[in-house]
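Both complexes below contain chain A, partnered by chain B and then by chain C.
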Partner chain A sequence: MKILDADKLPDLAAVLAAAGYRVVAPVRDGAQVRMAEWKPGLAIDAGPIPANSVKEFLFPRCEVIARYSLDGDSFAPQPAPVDAPKTAVLAVRPCDAAAMVALDKVFNWEYRDDAWNARREATTLVALVCAAADDECFCTSVGGAPDARLGADAVLRCADGASKFILEALGEKGQALLAAAAGVLADGDARPDPPASVPVRFDSKAVTDWCGENFESPLWRDLGLACLGCGSCAYACPVCHCFDIQDEGTRSEAVRLRNWDTCGLALFTQHSGGHNPRPDQAARWRQRVMHKFRYFVERFGGLACTGCGRCARLCPARLAISQVCREIDEARKAAAK
Partner chain B sequence: MSTSEAIRADAARLLAEGRAKLVIGYRARGPHRAPAFVSDPAGVDVLIYDNLCKQNLAVYLRKPEVRSRGPVAVVAPPAVMRSLVVLAAESQLTEATVLAVGPDAYHGVLDLAGAAALLKEKYADLAPSPELLEALAKLDAMSPQERARFWTDQFAKCTRCYACRAACPLCYCARCIVEKNVPQWISTAAAQHGNFAWQIIRAFHQAGRCTLCGACEAACPQGIPLMLLNLALSEEVAKQFGEKPGYDPAAKPVIGSWKPDDDQGFVR
Partner chain C sequence: MTQVSIDIAAGARAPSPYVPRMARILAAEQMTETERFFRLQAEGEAMRYEPGQFVEVMVFGIGEAPISICSSPTQGEAFELSVRSVGVVTNRLKEFKAGDRVGIRGPFGNHFDYAAMKGQDVLFVAGGLGLAPTRSLIRYVMDKRKDFGKVTILFGAREPKWLLFRSEVEAWQKRGDVDVHVTVDRGDASWKGNVGVITRLFSKVAIDAPRTWAVIVGPPVMFKFAVLEALAEGIPEHRIICSLERHMKCGVGKCGHCQIRGIYVCREGPVFTYEQVKRLREGI
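Up next, the complex of A and B:
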């Protein structure tokens, strides 16, 4: 069994950085703990659930996907190589690791996305079994668990009353990482601490079924009133993956950008002719729930939500998709009686 | 009667008499506080008020979904009342019905003039928190290079989700400059160039208008300390023009007016 003292996460980061990994880890930044590129001297805080998901290290907020030069009528494509550094993500939450598996399906659906696949291949996800959860966590309602291993290449587990970590490899990438970290790992025994207890808040199958029958429901109107129409929830979500394509540049050279975008913003579906097929926030909230709990299931056989709870923690109006799902579940049960 | 009970009683009366078709207030969601939208006098029991109620509900008065419901009444601590006064000063609303609350008192149902009078009488000396003043003093003491480094690091976090804009009652442009593309003034990429342009233009557009309610910073999912920018500009406006927005519905907004004796020392 490979053991690491609980205060030695920075040592693990340092040895991996020395081995050529870009290391991403939860670090404190003001009032938040954020997943960020680790630099020597930075403390690692694996306690709170990070404010941001791991998504941005595999699917950046903005990315140059093409370059070209222009000279009068002549157009010349320029190289736009994919940036895919060898990366180790330490203490990624099981909900985030599972989300990357959902994104694999999207980015290899009708089109194989080279940039996503290159970064995914270059990234080793070291999951952390959650020792604590808060009142917004709901992984167990959407098929996950605080000690789930889906998507993880290695697992860190608190042991001996949070005084140690047990580090276990789950595949080739994980084994390579453990080999690179051999210098800071000890062989020994430790008793794993119990994972966090996360109550099941709703039946996701019931939500999927309800969504199939309730495109028109007063629920959407009520949600639309409180929603401010920002992109906070989607950009914090590890599974939301919509993007916009924009060209920017000068008369002589330009780039094509892929920027995060979200169905929560009015402009997302705004047509240049003036029509907007999702004219109000009610229609946009409906799309958010429908996509995560119905359309994604129909297309890929799984949910587009892994229960991390970030959307609710960060919502300026404290809206929570888990509460919406619970209300749907309860209404469905009441109707069945 | 507690403040929450008094709010419920007044909300039920406003709805029953038809003076409001919708009351916007606060409700509990677990340990958190969320906005409540009540249209039925029988539904007022969800309304509560305590010191956890921080969201600036004035923001909802610019939503078409809310406006279309007819007359609206809002549970309004001083920060919300000040936002409404600025909106009136900028011709964005002509009247308002508020259920006015203070930190230690409930002031009952007031119209816009009543809210403005109450603000001047009881809440004229609202000051930024000592922590915020201290953080700004620390920033002011930095060299320009250090300050540039500070904001470079902070703005690098911006994802351009525009939650700051969405949460602000005073960001009401039908189409924000950041989304104009003929010509495109501001890069759409959530990267240094565009992020600086966006953050600076957001702050500048608030100069002399911002009431320091803190909604933008509270909404920022990336933890960017936007109040440092807002307070710096607010102090500058107070120093240059002696104006404190959100107390006089008839005041001319500093950003949209001028006086012959304005200091022109900056023209060189």
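Up next, the complex of A and C:
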């Protein structure tokens, strides 16, 4: 059994950095803990659930996907090389690791997205078994668990009353990481601490079924009225993956950018001619819930929600998708009686 | 730090679908105040496409717009677009002329199933700019005329000045092997043709419903009423074909912009049957 003292996460980060990894870890940033690129001297705080998901290290908020230079009346498009550094993500939450498996499906159906796959291949996810959960956590309602291993290459688990971590490899990438970290790991025994208890808040199958029959539900109008349309929920979500393609140029050079985007924004489906197929926030909320709990299931056989709860923690209007799902589930049960 | 750098252009990897290639404008012509016609030739290997597909047209440093191809592959290696100037990219395209270059990605999407229509009657109903995608199939059918039964074209626009491909439509009317009817919502001093909404043209044509395919493309309100007419004629829902417009961005079923419910219009559309569309809600 490979053991690491609880206060030695920075040592683990340092040895991995020395071995050539870009290290991403939960780092305190003012009042928040954020997943960020670790640098020597930065403290790692694996306690709170990070405000951002791990998504941005595999699917950046903004990335250059092509470059152009103008030559006379012609311009030469050049694909931009993919920036895919060898990366170790320490203490990624099981909900985030599971989300990367959902994104694998999106980025590999039909066209296989080179940038996503290159980064995925170069990234080792070291999941942290959640020892604590908050009121917004609902992984157990969407098929996950605080100690789930889906998507993880290695697992960190608190042990001996949070005084130690047990580090276990789950595959080749995890074994390579453990080998690189051998210098800071001790062999020994420790008793794993129990994982957090996350109550099941709703039946996701019931939500999927309900979505198939309730395109015209008044629920969408109610949600739409409360929603500010800011997009925070999608940007914080580890599974949301909609993007925009924008060109930015000078007179002689231009870049093509891929930027995060979201179906919650009013302009997302707006046509230049004025028509908007999703004309109000009610239609956008419907798309958000339906996509995660119905359409994604139909196409890929799994949910597009891993229960991290970030959308609810960040929402300025205090809208929570878990609460929406619970209401749907309860309404369904009441109707069945 | 070890850098795993992958050059998308190198090796056996497929070229990135996000990167356009160049196309040269062979001809450009202003068709109406807002619609401009382009004939283009992709540089390097010719672009292979099917009637009903679309391309992303890129103006250097400005961006892209999804545009239906309005020509048929039977016309040769060049392809044609009819672009309405409504946005940043399309307003810039208004200034483009023969000899200029644009970027092109695609073709994307499915296409009109002309093989299924072989030997059968085809009824085209096109409103306004809806003639652009429809024309790709009309030209195909014209070029393989003997493969199809009776061909009827109903075309409408708001006013005579908004009629697209006017001389071409007149040429179709003179062919004799195609039944063509044109109408405008409001006439002008020189207009001697039909006045009224396009659905009124249905009374002028004889439709043999069991052997007819209806291809209906136009603004949402026109589509709704034209479909009702087609259904009233007895044309079954799975033989009523339309082409939907969405703000497609990536073209490869990832970015989400063109989604109707769970459908990616850029991959599974833009051509749908009415049977499919009526279940999509939000579709029209």
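Everything below uses one rule, namely that the second predicted complex is superposed on the first by the 335 of 337 C-alpha atoms of A that agree within 3 Å, B and C clash if a C-alpha of one lies under 4 Å from a C-alpha of the other, contacts with A are read in each partner's own complex, and residues count from 1 in each chain.
Throughout what follows, contacts are C-beta pairs under 8 Å (C-beta built on N, C-alpha and C of every residue); 3 or more make two chains touch, one makes a residue touch a chain.
Treat the numbers as computed from the prediction; the structure is a model and nothing was measured.
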| item | value |
| --- | --- |
| Touched partner set for A:248, first chain B, second chain C, both or neither | both |
| First, second, both or neither for A:135, with chain B first and chain C second | first |
| First (chain B), second (chain C), both or neither touched by A:213 | neither |
| Partner chain(s) touched by A:294 [first = chain B, second = chain C, both, neither] | second |
| Partner, of chain C and chain B, that touches more residues belonging to chain A | C |
| First, second, both or neither for A:283, with chain B first and chain C second | second |
| First (chain B), second (chain C), both or neither touched by A:187 | neither |
| Touching partner for A:114 - first (chain B), second (chain C), both, neither | second |
| Residues of chain A contacting chain B in one complex and chain C in the other | 244, 246, 248 |
| Residues on chain C engaged by chain A in the complex (per definition of touch) | 1-9, 13, 15-22, 58, 60-65, 84, 86-88, 90, 99-101, 103, 220, 245-247, 249-250, 252-257, 259-262, 267, 281-283 |
| Complex contacts: residues of chain A adjacent to chain B | 29-32, 34, 51-52, 61-62, 135, 221-222, 224-226, 228-232, 234-236, 244, 246, 248, 257, 259-260, 262, 265, 267, 280-282, 314, 316-320, 323 |
| Touch list for chain B against partner chain A, complex | 29-35, 37, 55, 59-60, 63-66, 157, 159-163, 165-167, 179, 184, 187-191, 215, 218-219, 221-223, 225 |
| Complex contacts: residues of chain A adjacent to chain C | 20-22, 65-66, 68, 70, 73-75, 77-86, 106-107, 109-111, 113-114, 118, 121-122, 215, 241-251, 254, 256, 258, 261, 263, 268-275, 277-278, 283, 287, 290-291, 294-296, 298-299 |
